[in-house]
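Each in structure tokens, the structures are laid out below.
Below are two complexes that have chain A in common, paired first with chain B and then with chain C.
Here is the complex of A and B:
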């Protein structure tokens, strides 16, 4: 499917990424440089990095497929499912983390609650990221193989080699700055497809008119708000309670790979601005990933599998050259996801596990080396475990489901931890453990409890609510923390004043 | 209860209004933030209207509200 010029674009892109990433090696002299970029990065680079690392090669295909089946309501995830949470993060949570000089979210939980909460949260994230790495390698490689005929192992080894080299040497600065280029590539490739597809269907109004006449199943395709009794996974109640109130906040405030980027900002203003700038960019993502799926309804009607929508649009619409650019955009999505996982997992392991449990008080160069070696080990594990996915085809969905168990309870303890002084270590620990258990229970018996197709939004809401109730109940019965213990960890109106000591 | 059946009588139009009200409330809360806090990190002589993060937030929320209003 690729022409000569497409191969040239892809190879030039991969070599360019490698050289750019390696350039940042010279800025890494300490563990702070490696994990937090020396706290020197500007808001625009961090904002772009947040957005691009959130969207992988699989999301292009998956979201287009969902848009083909369910219509524009899929866009809720990048609109209401991002913007309010990013503003809350920008103005409330990020300043606390940034001023506290933290490296990880579990580090905050450890200071606010206790070491057990920190370890449970950190180990859960490490397990998820490590498992996700191998699965991501394989699933993306299979996708690229189907789309472009690229051999699976060449895709895995070239991605691992390039991303591994620049992440090993350049740390998070290399990750963020390569993400900036990957963002530009992704947007150029994505918008090229959208504009050419729009031309193909005769413009937006023409497309809406055609889809409206295609039958009753397309009646709600352009309604962003779906009724409560819809059979799709996106009823407005789930979008409001599960997505807006819980999952979006858990993702933007409790996800190490997102928050760590903001902590690299050169000052507090840049840390806040990175989230707000990222939220503005996020609003364009549905145009890139959702619109091609909608337009495929007109160009390729009646597909049994919605996930075929995007590949078919690329094949039928893009000319040589732009196919290469789109391929580079897929690669950009894959690389930005992999480099985020590598660096964030290395940070979690070094700061939350190695430093407190294995070797305390070593010199800074030692922790820098540990971070680099962890990156390398993770990469080897990711490549070595990637074929497991071929034996367990449902593993990607299973891992994402596993993470949805964690979102509600983790956000409940973060929220009460920062806004409620009375929340205690036992309240936080029991809310985390019981909340996760309840989410697993609801998922196992979901047919008995829920009427919609995939109730992950409802599960995250109810497990969050139980986490809040458990935290309040147990905290009320246990010994409260002293004012000294809570210094700089609980929201105070002083943060809104000139008092930098919180 | 788990399926929010008690909200089944709420129409799509009303639900849309709930989302638009949510954006308005967030916008109001952002506007209530002290300027000193919003500009924290920027030297006093470099503070201009274009690096006021309240304006950035209101702009983003306005675009979001217009998307929900039109669809």
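Here is the complex of A and C:
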């Protein structure tokens, strides 16, 4: 448990976040303010927010733990698994979403294919986000319980109260701006941790030498590319095909909570620049997250659970003050994941379900209210379902697996939707439905198809590939769209220019 | 400059001002935490981290206030 100054810092951080978030209430007067921050935010804030929401507290601990167990190959997730996809998103995809004045990714799919594709994609994301909420509330409560000694229920309710209040009132502006603070604190605390850890292990060369003598299981710890028959979940084939080609692109281009941030930019230049700036910042993440995990191999050898590596390093290496600040950043990471889910789910529900199916053509204030009420309802669902997470310890992994079911198929229809004019509404719909079904099938019978324990990278690759094949086959047999229907929705070299007439 | 652009500029500056204040306060707390450190290296780490946070926060406040002053004059 934390004590003294560190305890005070965590409390001050939570209260400060609440006050800061509530301050942004004065900037919310319409649904565009609530869902897209009034399209007025600068690239640097959005770029920082993308990085922070991508690397939440659970990932922070998890990636360090994986670096402890498997070495630097886990860094692929932030290098080849993020940077190329973010550049592709910046130059090709974001301009389409931006110029089309869209709020959600399913909205693009609806315009490009049909309403059914939009609804299926939107409902899938809403289900995923709603399930994830309970898990994140539980994780926040456990963290507060361990650090501060608060009972679980008080921890859940206080997390929900703080995050709920500022997301309800401040919308996405509060979400992004609280992320900026977290980013600054995470980077300063993270670099302090790396510097002091290096000092503790006697420098980089000394650490490499020590790890090399620790046994055969550490032989590949400094190989960024792992052989195809590795026991780790990161063989080079999975990294190249599953991660670089599919999951990274699907996450950076097809994930509502990421893309929605870019759409809050003050103009198209800022929208693109936010992704490019985010990709530059992303390259530092492995240094902050992975290195402490590696150094823990020397400082705390033989840990049964690698996920303990980072918290142990923070407690044993950082001085008073920075310990509290880093744990506050952890907590803020969880809050950031929760507020992103709340706001993105409210946007998806209001724009893709409520507006087209429940009440068309209402005034803007009405949709703003619906977005806010949806946020409250989601909050209640998240709090009510959070204890379920404690009954199923593997639920976080299960939810991440669920994400790999639909990332591949959704990316396949997004990719062909933009780059292949011949792709039709039936092609898109069948690729989405069959692709998701195939991913579920592969996961259920994974022992028969794969040799590694957790083949989520392979599953996303094969479901993506099947999605592409189905889309091409069905589209070739069905009626194609007219040129007018495709206006502004398919690739044109004009997207690379400043020409607004696509 | 149009009124909308001026309002957007003021809004951005007000946001930066609030963020800067928050970061500055935390910088001061980390600097204060120096008195709880035991070794020289811990002392220096808290000092550098605290001063960095204070300069980032202070810089944001200074820039935001200047911008607000300029935009309001227009």
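Operating definition for what follows: the second predicted complex is superposed on the first by the 488 of 502 C-alpha atoms of A that agree within 3 Å, B and C clash if a C-alpha of one lies under 4 Å from a C-alpha of the other, contacts with A are read in each partner's own complex, and residues count from 1 in each chain.
The rule we apply is simple: contacts are C-beta pairs under 8 Å (C-beta built on N, C-alpha and C of every residue); 3 or more make two chains touch, one makes a residue touch a chain.
Computed from a predicted structure; not experimentally measured.
Asker: For the overlay on chain A, clash or fit between chain B and chain C?
Answerer: Superposition result for chain B and chain C: fit.
Asker: A:40 in the overlay: touching chain B, chain C, both, or neither? Say first, second, both or neither.
Answerer: second
Asker: Is A:272 touching anything from chain B or chain C once the two structures are fitted on A? First, second, both or neither.
Answerer: Once the two structures are laid over each other on A, A:272 reaches chain B alone.
Asker: Would you check which partner chain A:321 touches, where first means chain B only, second means chain C only, and both and neither mean what they say?
Answerer: second
Asker: Just checking: does A:228 make contact with chain B only, chain C only, both, or neither of them? Give me first, second, both or neither.
Answerer: A:228 contacts chain B only, not chain C.
Asker: Should A:308 be classified as contacting the first partner (chain B), the second (chain C), both, or neither?
Answerer: Neither partner.
Asker: Is the number of chain A residues in contact higher for chain B or for chain C?
Answerer: Residues of chain A touched, chain B against chain C: more for B.
Asker: Check the residue A:189 against both partner chains and state whether it touches chain B (first), chain C (second), both, or neither.
Answerer: Second partner only.
Asker: Tell me the contact category for A:13 with respect to chain B and chain C: first, second, both or neither.
Answerer: second
Asker: A:385 contacts which: chain B (first), chain C (second), both, neither?
Answerer: In the superposition, A:385 touches no partner, neither chain B nor chain C.
Asker: On the overlay, how many Å separate the closest CA atoms of chain B and chain C?
Answerer: 13
Asker: Under the contact definition given at the top, report the residues of chain A touching chain B in one complex and chain C in the other.
Answerer: none
Asker: Across the complex, what residues on chain C touch chain A?
Answerer: Touch list, chain C to chain A: 8, 11-12, 15, 18-19, 22-23, 25-26, 29-30, 32-34, 36-39, 41-43, 45-46, 48-50, 52-53, 56.
Asker: Sort out for me which residues of chain A touch chain C in the complex.
Answerer: Counting only chain A, the residues touching chain C are 4-5, 8-9, 12-13, 16, 20, 23-24, 27, 38, 40-42, 173, 177, 180-181, 184-185, 188-189, 192, 195-196, 199, 266, 318-322, 324-325.
Asker: Please output the residues of chain B touching chain A within their complex, sorted ascending.
Answerer: Residues 2-5, 7-8, 10, 12, 15-16, 18-19, 22-23, 26, 30, 33-34, 36-42, 51, 53, 56-57, 59-61, 63-64, 67-68, 71 of chain B touch chain A in their complex.
Asker: Which residues of chain A touch chain B in the complex?
Answerer: 72, 75, 79-80, 83-84, 87, 90-91, 95, 222-229, 235-238, 240-241, 244, 267-273, 276-277, 279-280, 283, 442, 449-452, 455, 458, 462, 495-498
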